[in-house]
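Could you have a look at this structure, given as structure tokens, before my questions?
For reference, chains read A, B, C, D and E in written order, and residue numbers begin at 1 within each chain.
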Amino acid sequence: MSAPDPTPLPVTPPDAPAPAPDDDDHLPTHGVADHSATRQAREQQVGQRPGTLIVREGALTPRLFLISYSTDHVVEQEYPHYDQLLAYFRAHPELRHWIDVRGYNDLALMQRLQDDFRIHPLQMEDVLGDYQRAKVEESEDGLFMVSRMTEFTRLLDINDDQLSIFTGPNYVLTFQDDYEDCLDAVRQRLRSSRSSIRRRSSLYLAYALTDVVLDHYYPTMAAIGDYLEVLEERIFQGRSDRRVLNRILHIKKDIVRFRRLVYPERDKIAEILRLPDEEIPEEIKVFFRDCYDHAIQALDLAESYRETVSSLIDLYMSDQSNRANEVMKVLTIISSIFIPLSFVVGLYGMNFQREGPDGRINHLNMPELYSPWGYVGVLSFMLVVVIGQLTFFYRKGWLSRR
Amino acid sequence: MSAPDPTPLPVTPPDAPAPAPDDDDHLPTHGVADHSATRQAREQQVGQRPGTLIVREGALTPRLFLISYSTDHVVEQEYPHYDQLLAYFRAHPELRHWIDVRGYNDLALMQRLQDDFRIHPLQMEDVLGDYQRAKVEESEDGLFMVSRMTEFTRLLDINDDQLSIFTGPNYVLTFQDDYEDCLDAVRQRLRSSRSSIRRRSSLYLAYALTDVVLDHYYPTMAAIGDYLEVLEERIFQGRSDRRVLNRILHIKKDIVRFRRLVYPERDKIAEILRLPDEEIPEEIKVFFRDCYDHAIQALDLAESYRETVSSLIDLYMSDQSNRANEVMKVLTIISSIFIPLSFVVGLYGMNFQREGPDGRINHLNMPELYSPWGYVGVLSFMLVVVIGQLTFFYRKGWLSRR
Amino acid sequence: MSAPDPTPLPVTPPDAPAPAPDDDDHLPTHGVADHSATRQAREQQVGQRPGTLIVREGALTPRLFLISYSTDHVVEQEYPHYDQLLAYFRAHPELRHWIDVRGYNDLALMQRLQDDFRIHPLQMEDVLGDYQRAKVEESEDGLFMVSRMTEFTRLLDINDDQLSIFTGPNYVLTFQDDYEDCLDAVRQRLRSSRSSIRRRSSLYLAYALTDVVLDHYYPTMAAIGDYLEVLEERIFQGRSDRRVLNRILHIKKDIVRFRRLVYPERDKIAEILRLPDEEIPEEIKVFFRDCYDHAIQALDLAESYRETVSSLIDLYMSDQSNRANEVMKVLTIISSIFIPLSFVVGLYGMNFQREGPDGRINHLNMPELYSPWGYVGVLSFMLVVVIGQLTFFYRKGWLSRR
Amino acid sequence: MSAPDPTPLPVTPPDAPAPAPDDDDHLPTHGVADHSATRQAREQQVGQRPGTLIVREGALTPRLFLISYSTDHVVEQEYPHYDQLLAYFRAHPELRHWIDVRGYNDLALMQRLQDDFRIHPLQMEDVLGDYQRAKVEESEDGLFMVSRMTEFTRLLDINDDQLSIFTGPNYVLTFQDDYEDCLDAVRQRLRSSRSSIRRRSSLYLAYALTDVVLDHYYPTMAAIGDYLEVLEERIFQGRSDRRVLNRILHIKKDIVRFRRLVYPERDKIAEILRLPDEEIPEEIKVFFRDCYDHAIQALDLAESYRETVSSLIDLYMSDQSNRANEVMKVLTIISSIFIPLSFVVGLYGMNFQREGPDGRINHLNMPELYSPWGYVGVLSFMLVVVIGQLTFFYRKGWLSRR
Amino acid sequence: MSAPDPTPLPVTPPDAPAPAPDDDDHLPTHGVADHSATRQAREQQVGQRPGTLIVREGALTPRLFLISYSTDHVVEQEYPHYDQLLAYFRAHPELRHWIDVRGYNDLALMQRLQDDFRIHPLQMEDVLGDYQRAKVEESEDGLFMVSRMTEFTRLLDINDDQLSIFTGPNYVLTFQDDYEDCLDAVRQRLRSSRSSIRRRSSLYLAYALTDVVLDHYYPTMAAIGDYLEVLEERIFQGRSDRRVLNRILHIKKDIVRFRRLVYPERDKIAEILRLPDEEIPEEIKVFFRDCYDHAIQALDLAESYRETVSSLIDLYMSDQSNRANEVMKVLTIISSIFIPLSFVVGLYGMNFQREGPDGRINHLNMPELYSPWGYVGVLSFMLVVVIGQLTFFYRKGWLSRR
């Protein structure tokens, strides 16, 4: 039976219902080890011909979105058929286009996209594999970038989805295996005629997409930071049990994972900055430089959370040993007081006989028992002993709470 | 109930009232996790168009200061209106000017400054965001530098504010979101006609500002060092409780944070030193080289404090286990002495009958009880046992204090 | 006698029977230290003339396989005699050939291969030594690459075998000391006329072999990951004994070993990517670039498993100390309840006499004993004490399971 | 009361009286935290104009020494007045001169030296600040080097003093704030006509000074090594108390500090080796290369001492827990033996009545008490129990010393 | 008194008698700290003129060996006088010579060697100092290389001796301060007319010497590996006492030392590989490249042993805490069973009187004592309690061995 637990451990990931902190039967089991889709995806591929298109099990049916824009113009539509989209795209070379493919589960369509947009088979494999670290490569018509979008789930995990971006002279082609994403802010800005995206090249749109992905690292980190504070407060209130340790280690795993996601992101941007100006003009690079600062700051924050986690583990361990100390103090105080007293009362429970078998009085055999003040004297003596011991323990500070 | 605590934990940050070491209800809760303004600021920006000017919530109303100087001349004034300042600035191209903007809370003014001083929108965003790591970039008219000014608060936290510096041919434009700052030493030197700042270019003023910020890292570190000594003394006096661990981990967090602030500062200065001589002449670089040494030394000191913290944690943990040992020794000594004695007195409390039911005397049944020296003999035997045990414990060193 | 252990620790390496988790007498003994064949091989060589061909003890009798292929043609055969193979190879310069030597135990044959394919003696020594880190070197006719093929055994060890690859204008010559290998996927693809290996140069075959070796790192890591989850679940279920720690440390050793295998692999591929285009044409490099990503991802995964292992050790240690706490709580609760009660009953076992020797009634000597309510009163008092103590322990949370 | 402590912890720094190992009231308090003069010096400077000459509080009155030498000639003298020294120096351009300034406390003199030897104000500030890391810079007439001279004090601290060296065409100008130094070996060699210093350029003298400073790192490290052995022996003899931990952590701090001193020294020499041959001719560089080896070896030794310290901490911690184990074993053995015996004797202290109130004999009520062999039987039974338990504990190895 | 210890800790260094594992009085004392000859040698040198030849105390009287060889010719002889050796060497410029000097204790001879072979004084100092890290330098006639030869002693220490190698056009001159060495394999090969050493330049001999030194690292590491396995088995058998920890830490020190020896060796070879082809022709470099692989593998092995050591320390610590748990479980089980029983028997030892002083029967005062089934009832009750407790402990798993 457990003492009532007034403050549950809340998590507040953006736009998510509160987590269920007491649902520990499931949560901790998946706490520390890593069930990443990455691993599973790789396993399916062992021995496969490189460049073979394989669609990950459980992938979504593709939906095709097209946003076509120019400085004073924007058209946004979902196309049920790829042919229509392609026709519109080809009919309007004067516009810039964002072709947004969500869901991979149509191999034929993927093959057509690969052919129409001259995508290298290995790059298409990276797109569909959905487990690629952030990177940038040159493609036939421009650049191929991979970003990883993070989300902090209510089970305290970091989900990450892949956003693959191909740039071309007048288009940006993105792939992701999710109908919902974090790119709505960019779509919103595209709709506004004041937006700089409308006025600039398609590379700027690619930048804007990269930037919005980076921006979403912050709510993830903020949720982790908030959760760490909740855990810390719990430890400070002395209510740290095993579950708290599980959670700390779980969050530590998230932070490690987050760093593994963001380090390649930083390296990717650094590589973009080193590309020759023909591939990325200087006026776009200045924006990526800003991204670079953001990536560094996200890593800084992750580093500092790691330190926090290690401090929390120190605190937890110290708490555990504190509590063992407390248990032992109770045992020691009670034993130290009552074991000597038990000896005293045992002493006067001995049966030494005042009268020897020969009827002689043995005056040395426990004369106290026959004194009229014997009992009171013993009680008083024991009281003095107890007071003495309590004084000793008080002086040692063992009677105080800590 | 707790033993009286004669030495409180004092902190002596420069110019701050003594901290309240017993006010632990609030302090530790904010001990290890990180409530940085940085994170909050970033969160507000998610999905924002890059380069959009947003003023952080809680920013101050701007105050405008202008110090105009030449070798033999200095004018210092606060302007209520930007137009007046700009007019004076434009009317005196023969002077050098330090335009000192404190407080950001006027978007229109910020926009005008951005236009008049040809600041890149992303750089203006860095200024207003107020959470930028130290860095240096080229700007339209010269350099854009960010420094972070630190302060050690009475709650044992490191506060850091951003100082943004733009240099131009004959001006230095600084931004900060605080009316009070650590730059008064520079202002004082500007007022003196003997000052080398008066005789040198505006880049030298930028250097002087950077240097004074670096100089203020030392009082911060000194306060941390002093506090570490107080904590150490407390542990050495054997008065280390949980609060001491909280404080150590709090200070550790401060040191980690400090390093995160100073590493970019060092890198910034290294980058300045690598700039071509047209941007920073060699005679200015020599001063920045001096700054570089200072930054390295500050990092050295921070490293050595980290080692100190880890030693203190070792000491604390060893203390805890020492104390558990002490508790257990008391238990062991008292139990080891009295449990055997209790057995002995229990032995002579047994009721074996001298007289069998048939009236025969069982001489083997506890004849000691009938001896006239029985009681005295048992007492003497027990005394011998106690002395033997005390000797044993003394030899083991368990009776000494440590 | 041990409590029944319902969930054994299963391992599921691909294509291996289930491990024997309770066969702990042998497994842990080989747990942490390293019996690597590498070391033994090196020892035999001390003081040997470099370049001396020595065959490792226990090497297999060589079997010779030849797959000759062109775009529209494939012949696959095992040759009992080297001369036949060589004759066929020399008679068909228009085909590309994969000469696949399995087993080293024929020094004369090895010498002939060295001469016929112009292999440097030191490289031949590397082949036969069978303990070479992954590397790439230039050879007389092309490149000399070493890969290490891993396998996760049912004794939870990582086995690694060496695959040595020599490339020439129209051949690939591979050596390995095992009849079974992980290259069947490549052989399968060679048999298919659609395969790109058939259409491309022998360097592409070398790439395909390297890639398939890299692909086999994933099942190894997956087996380790699965095993870590089993261990984690066991700890979470509170059934972590010494064997669990042994296993964790065993797996940690595997991970360390895996990293030592894969780091050189990554470096090897990086070096291949830096080779001039004459040695590796750009269109082959793009495939190796893909390999490089895979190697990085394998290392990433290994890193994250290391973190998992360290978290598991933390959990295990915390569990141990939790369990010690629990033992001590039981002791403390029982002692704290019964030691005072024993004192009370001992008190009323004292023999203070109501009647003095002179027959006077000592009313102060234990009058309780003569009260008709004495016994009931004492019992009630003791009940109150017990209830008070249980309340105290309940409030402290010591009666709850955690 | 403490057991007598036969072996005190001796320290044998070269030329120092033995330390006072029991004077722990003062030593440990300054044990781990860092009271470096560096910090204080920096604090005084906050906001100071760079290049302002400030003399550290407590600096010594300068004494001026001049050694003028050529291959066949040496003159050595202390000058009370700077003018005389300067006159002699200027009158003898054909000689090489070592101007040795000890003590800084005369600002006017420092200013004159700065002017006469064309020292850059920032470099003069570095000299007087006395807290500069080892470094090398170009100066007006040659090089400016800073070395740090170490000394291991009898309070187990590392003292370090700064030696600033300016080289010119025919002079070496050194500054230090101590009348005693470690450079006498060089002075001695200068007096010998066979010395290569006499035959070579002033740069060689600068090298000889640097080398002798490096040589003095070894006695410091040797003293630390000796002290570590004393501490180790103490732990091995089982006499490790808290003071031993304090000392270990103190020494650890020394080693950390030593590394912080020597790393810049190594970097300085590496930088000297990279200087162009016009500044340092190759025949001098070969000697500095030798210095470089020495610096590396000193760092190697420091690294290995760090490992030793960490092993000692492991040993100490293991000792502490061993001792707790030993305490608990004593408790367990004594309790396990006597608590069951107490139960047995308590059993026969029960008062069950043979005669019921109705006078009927209850033969089931403790018939043992009436057996003539009852007492002897119980004693024998208890003896058997004790022997059984002792055998059990012996088999467990709990009765052995470890 | 200690339990018999059936398996001693054996060490099997090559060609050494078995170590004395129980001779712990001496071994551990020198366990962790470092008595290196290096340090002593350096100390003697403080303040010495660089390049001064000093012979280490305890050096051996030199013995001079000459092996002169050409492709079809080999002469091997020990010369008692240097002049004879020199005469033969000078008379046969058509042969290649290996001049092998063992022992340094003849300053005049050393001086002559320095002059005749044009050795730089600093390099000669490195030779005689006998404490130089592995390195390579250019010398007057070729290269100067230092290798360190390791040996694993029966006291579990790593001994290392210095091998100094000077190469010239037709000679190799080696110095070492030991009559026995690990170079006999090279001598053996020289005697064989088939040896490639006979056919190649003197640089190849220098390579062969370097290689044989590297080869001898493997037996050292193998001995360490074997010893680690012995220690591991001991821990697994639950017989880990303090001595085992001492040994682990001793071996850890050896591994650290080994790495310190091999890192410079690797760097040395890397530097050789970077030398221009005029100094080392490409056909020799290919052999050194092989050495480089060996050095890397030795470091790999050392790294993996470090991990093993850290796992062993984890196991040891976990064992210690396991054992403390076991002790506490015994205490808890025995106390928990007998303390309540003692209470029960004490209860019925109370003296409440059935007859009040007024002769009235107090039926409430311990009526059980008068029941004919009282004693049997109490015994049965206690039996039930004991069975209940044993069931409880069994369910908790405390009765099983682990």
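In this section, contacts are C-beta pairs under 8 Å (C-beta built on N, C-alpha and C of every residue); 3 or more make two chains touch, one makes a residue touch a chain.
Because the structure is predicted, anything quoted here is derived from the model rather than measured.
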Separation of subunit C from subunit A in steps, with touching chains one step apart: 1
Co-neighbours of subunit D and subunit B - touch as defined: none
Angle of rotation relating subunit C to subunit E [CA atoms, steps of 5 degrees]: 70
Rounded Å distance between subunit C and subunit D, as computed from the means of their C-alpha atoms: 42
Chain centre separation in whole Å, for subunit E relative to subunit D (CA means): 26
Multi-partner residues of subunit A (at least 2 other chains): 321, 324, 328, 331, 335, 339, 342, 346, 349-351, 366
Chain order around the ring, beginning at subunit B and proceeding next to subunit D: B, D, E, C, A
Residue ranges of subunit E touching subunit C (in the complex, touch as defined): 182, 184-186, 188-189, 195-197, 208, 211-212, 215-216, 218-219, 221-222, 225, 228-229, 232-233, 236, 286-287, 289-290, 293-294, 296-297, 300-301, 303-305, 307-308, 311-312, 314-315, 318-319, 321-322, 324-325, 328-329, 331-332, 335-336, 339-340, 342-343, 346-347, 349-353, 356-357, 360, 362, 364-366, 394-395, 397-402
Residue ranges of subunit A in contact with subunit C within the complex: 1-3, 28-29, 31-35, 38-39, 42-43, 45-51, 120, 122, 125-126, 131-133, 135, 137, 241-243, 245-246, 249, 252-253, 256-257, 260, 313, 316-317, 320-321, 323-324, 327-328, 330-331, 334-335, 338-339, 341-342, 345-346, 348-351, 354, 361, 366, 368-376, 378
